[in-house]
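What follows is a short report on a single structure.
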Amino acid sequence: MTGDPDREEFTHDPVEHMQVRAGMSVGELIDEYGTAGIGAADLHEAVDIYAEMLAGDEVTNFVGLAGAMVPAGMRRIVTDLIREGHVDALVTTGANLTHDAIEAIGGHHHHGRAEGEGSLREHDEQLRDEGVDRIYNVYLPQEHFTAFEHHLRDEVFPELTGSVSIQTFTDALGRANARVNETNDIEAEAGIAAAAAANDVPVYCPSIQDSVLGLQAWMHSQVTDFTLDALADMTGLNDLAHESDRQGALVVGGGVPKNFVLQSMLVTPHSYDYAVQLTMDPEHTGGLSGATLDEARSWGKLEKAARNATVLGDATITLPLLVAGALDRLDR
Amino acid sequence: MTGDPDREEFTHDPVEHMQVRAGMSVGELIDEYGTAGIGAADLHEAVDIYAEMLAGDEVTNFVGLAGAMVPAGMRRIVTDLIREGHVDALVTTGANLTHDAIEAIGGHHHHGRAEGEGSLREHDEQLRDEGVDRIYNVYLPQEHFTAFEHHLRDEVFPELTGSVSIQTFTDALGRANARVNETNDIEAEAGIAAAAAANDVPVYCPSIQDSVLGLQAWMHSQVTDFTLDALADMTGLNDLAHESDRQGALVVGGGVPKNFVLQSMLVTPHSYDYAVQLTMDPEHTGGLSGATLDEARSWGKLEKAARNATVLGDATITLPLLVAGALDRLDR
Amino acid sequence: MTGDPDREEFTHDPVEHMQVRAGMSVGELIDEYGTAGIGAADLHEAVDIYAEMLAGDEVTNFVGLAGAMVPAGMRRIVTDLIREGHVDALVTTGANLTHDAIEAIGGHHHHGRAEGEGSLREHDEQLRDEGVDRIYNVYLPQEHFTAFEHHLRDEVFPELTGSVSIQTFTDALGRANARVNETNDIEAEAGIAAAAAANDVPVYCPSIQDSVLGLQAWMHSQVTDFTLDALADMTGLNDLAHESDRQGALVVGGGVPKNFVLQSMLVTPHSYDYAVQLTMDPEHTGGLSGATLDEARSWGKLEKAARNATVLGDATITLPLLVAGALDRLDR
Amino acid sequence: MTGDPDREEFTHDPVEHMQVRAGMSVGELIDEYGTAGIGAADLHEAVDIYAEMLAGDEVTNFVGLAGAMVPAGMRRIVTDLIREGHVDALVTTGANLTHDAIEAIGGHHHHGRAEGEGSLREHDEQLRDEGVDRIYNVYLPQEHFTAFEHHLRDEVFPELTGSVSIQTFTDALGRANARVNETNDIEAEAGIAAAAAANDVPVYCPSIQDSVLGLQAWMHSQVTDFTLDALADMTGLNDLAHESDRQGALVVGGGVPKNFVLQSMLVTPHSYDYAVQLTMDPEHTGGLSGATLDEARSWGKLEKAARNATVLGDATITLPLLVAGALDRLDR
């Protein structure tokens, strides 16, 4: 028993014990998380950093969005962040843009059932027969892809000729989504790409080929001179990284969006000053999706002095908490 | 494209998109989770079920509490649930009872740093030299174990002679914790075992040997006739299961507490009518900690008609959400 | 680009690239793992350490065995390790002892199907109706539990009266399992408890109540003076820890067996000199099951100089690799 | 106890118990896995399917390779599969191609240390100062990127003008890697891209921008008319899918390579007849990386009758086992 009870390092910052009650606000809950350990402490730190990233205009915010975030119901949160000026560049997947457009033109995803790997595969075979695609516990009737194909053919492709950047394509898609949306609240319901187009926020999609959106683009390229330039967007993203004063990264999920956001600093004199990631991938996979933000520091993607936090867990639970908590801080 | 757009199964329950805002309440956030998919939907369902479990006096609530929940700052949430009458039996670990008692007698855990498996082991060696135990990102100076030893010797063991049930021991511990607590808010700060003792809630600890509390009990048994009966508690737990009308299980973490709660139905004519589990273990480990509640149905631990939900994620994040959300429902 | 290409730390130990071929031995495969990174490197290190633990008689080997290792087909590997003198004390779960005995008396587990959490719960309901218990993708017809009950009543309980240690009970179980086994290869097929009893290896089961074995023991205690002493076994385990010269821990899965093995050093002047753990729990859960062995160093459970390795992955894949690889080393 | 012991479904396929011994072959180990449950059973099934995919010339094999497989030492296994005619199309990441080229031109990765998320970030800061990039537990001195830049400038870019397909670029890279390699065993050491180029195996890299290789391509595009066409490769991949008789997918890791392989069937009348995936992502993330192959069935990416297996675990451990096991089967 050699401990020195007076050593400040081990005695100055006690874990307190969270209290919860009926009627408490999300802001209060986040404050309570700050008193606790393990992941709760990480979530509190992430809110603290994200609020600092969003306060004022000083920080240029890069957002990476991977995973089935639109099918899972996170579309409006991202749309609102864009509309409120909290996103300066968005890197996402072709899948999220596909599902965002399907909702913009009136389609819907539906609550369904998840099936385990070893489970009754008959269930997925039955869905196949009935023309329903499954995304974990979300269903999407396949006829929506037909409507999406018509939307691209009628509203998006006519605007585009020759070799264009992917961002030019996502911008045209966003404007078309807004144009055809028929809800009462077009501004909110037209979705992510529409909000980005309306607010001059570039949407980058470096692996666009890997999606139904990419397959449709390829089919269109087979019968016209249209194609997509894989490299052109890097100029815009790198310029933004170069010209900004302070840089922040919000990374939801891993994959290409995560690294594409982080690597944008490699060809600038800057590194990220702030970074928050929400992921379900632990670091021991050795993959980029689960890699720690400290590892990114060794590459020079993050400043040595950067504030950063990683929250391990389902982003459909943690993203709403993070955003509600940070908005609450801004409002205080 | 063979889908029938009119098939109700695939069109009646659209995924809506969560909205968050500054100042929203946790209750509102939980409602929003209910519109989304993947884990958010599971969390919403869990709140719905837990609120039904807590409403009225009809359901007898069994709680399993594993993991480092006390060092991580969840002590007050469990204490308050007990004080509000929401726990009829608690199954937990010797570690949680040890750390609960350390806080009751004035000790504190402290925010520290986590170290990765492959990381600078020098850091843990240094902690060793300085007499500080690490629990992920929480530190505990070892001298608190000396104080705990004195507490047991002076306040708890004198009450116990011969072979007693483990629950008798935890009850004596709880009363001693309350007796010596010197805070202004003894009722709240004396902690889990104290609240349970004050409210006649039995605390079961089937693997008590596997903890510092168990080591101390063993050392005391070496010099007196004191010992603990491993089987005696099963009578009380099984009687409670037998005599209750409707049964609900809240399982936080896996391990022994999870199965000990679930198996209590195997020797009764009942099975659980409700079950909610918060776990970080996925089912594909094949272990009991990650096993689905459907699997428990095959064993007859859950009623075929039981409502159940599993939320995969860090319980330091999800337990406060679950409890705050359920209390909010009760209050509406 | 500030790197110093001559810095030895970064240039002396190149990752080579694994080669595999038809007909290669497991020993050769393990050697190849040693050239690679991420988890392969950890597995190679684990084999290296485990081989050193098994070589000669110098190291006293404590084995913790959690998880559904018997239903999953790992029973013979553990049995053979015991028979070959590679286990000095075994800490396991009541479930593993229950399923070990079921196989000893002629029962079998069967390959079945896993079901996802959100999956067709009708499948588990059907299993319930048909009297089949599911353990992930393994099935066990419930009538085997009736046979097990008879076995305990006829062969085990008659040997035991009054309050006995849990190890006394597992020893009687092991001898009974050997006695009734009717296979041609009784020594191998009678299983883990039988091999332990035959080789004077103590089997500890600190959470025995948490199993069908524990439920049966409790039912027997209701009608006789039989009961189990929860603390008695700690004397034997701690004495073994105290008296041994060098200590090694093999920890398969986490849970109570892991910590009970590790904490046995807390009341001795020793700490483990070697430790290998196979687990699916990452450290960020904050729980003991996923806690790193470095964390155990802060508590004094491991020597500061101890060699240790953690392999993250399914123990049904990694345990056979580890054991085959270590035996191969001993044989070279 | 309602089980019918004669029901064949529950009694015909007993779990046997694995045996391991010194000197056993990997082929024998795989056979043993087949007797066990949980993940061992999945690995055995995967070997069985993969051996069937590789036997004869009937099956066209698409391989997706994500994750840090080259830094982790899996480069030679993939190279050899290509050279032996077991790969008909490879989809991988820019990172794997970057690191493959670095080794081809004489660079090496080195065994280093992993650091936990919450760990001493000073360590990564120090690596930054010393010019060393970290990939989990693998180090790469940054000067290798300078050599890689020169390699592209001197050997690869001069061959390419105007807008070319990504596959044209990876082919030129592979030929250049072979040309400059100075080892005694050029054919093996020149690596993945070189082996693919020499064997007319197309290498697709749909998210090439997301890598140092992509950054270099972009920088070259800034000063010449060179650029990469994002869509052109889909023609070749989809034609291969269209023209083949039977299709098999081996998916290592998730990410873009996984889905790009799987979605190639969406614009053909075919679906995969065989699929094996090695992943660390569980399905409950809701993301594509962890999505089950049954889910892919609902989309029509897999045939309803397709044989498929998923092995959850570290691919640096499971890929060598899978390939060695399958090659052994072919050799029997």
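Letters A, B, C and D mark the chains as written, and numbering starts fresh at 1 in each.
Going forward, contacts are C-beta pairs under 8 Å (C-beta built on N, C-alpha and C of every residue); 3 or more make two chains touch, one makes a residue touch a chain.
All of these numbers come straight from a predicted model, not from anything done at the bench.
Colleague: Return the chain whose centre of C-alpha atoms lies at maximal distance from the corresponding centre of chain D.
Modeller: Checked the centroid distances; the maximum from chain D is B.
Colleague: Check A-C against A-D and say which one is joined by more contacting C-beta pairs.
Modeller: A-D
Colleague: Between chain A and chain D, tell me the centre distance in angstrom, where each centre is the average of that chain's C-alpha atoms.
Modeller: From the centre of chain A to the centre of chain D is 26 Å.
Colleague: Taking each chain's centre as the mean of its CA atoms, how far is chain A from chain C in angstrom?
Modeller: Distance between chain centres: 42 Å.
Colleague: Would you mind listing the residues of chain D that make contact with two or more other chains?
Modeller: Only 37-39, 68, 72, 114-117, 119, 123, 132, 135-137, 283-286, 292, 312, 314, 316 qualify.
Colleague: Testing understanding: with touching defined as stated, what is the shape of the graph linking the protein chains, line, ring, star, complete or other?
Modeller: complete
Colleague: Provide the residue numbers of chain C that touch chain B in the complex, in ascending order.
Modeller: 66-68, 72, 95, 114-119, 121, 123-125, 127-128, 132-138, 163, 166, 206-212, 214-215, 217-219, 221-222, 227-235, 238, 253, 255-256, 259-260, 263, 266-267, 280-281, 283-289, 291-295, 297-300, 304, 310, 312, 314, 316
Colleague: Sort out for me which residues of chain D touch chain B in the complex.
Modeller: It comes out as residues 37-39, 113-120, 123, 137, 282, 284-286, 312.
Colleague: Okay, in this complex, where on chain A does chain B touch?
Modeller: 1-5, 7, 10-27, 29, 32-33, 35-41, 43, 68, 71-77, 79-80, 103, 108-112, 116-117, 129-132, 135-139, 141-143, 145-146, 283-284, 292, 311-314, 316-318, 320-321, 323-324, 327-328, 330-331
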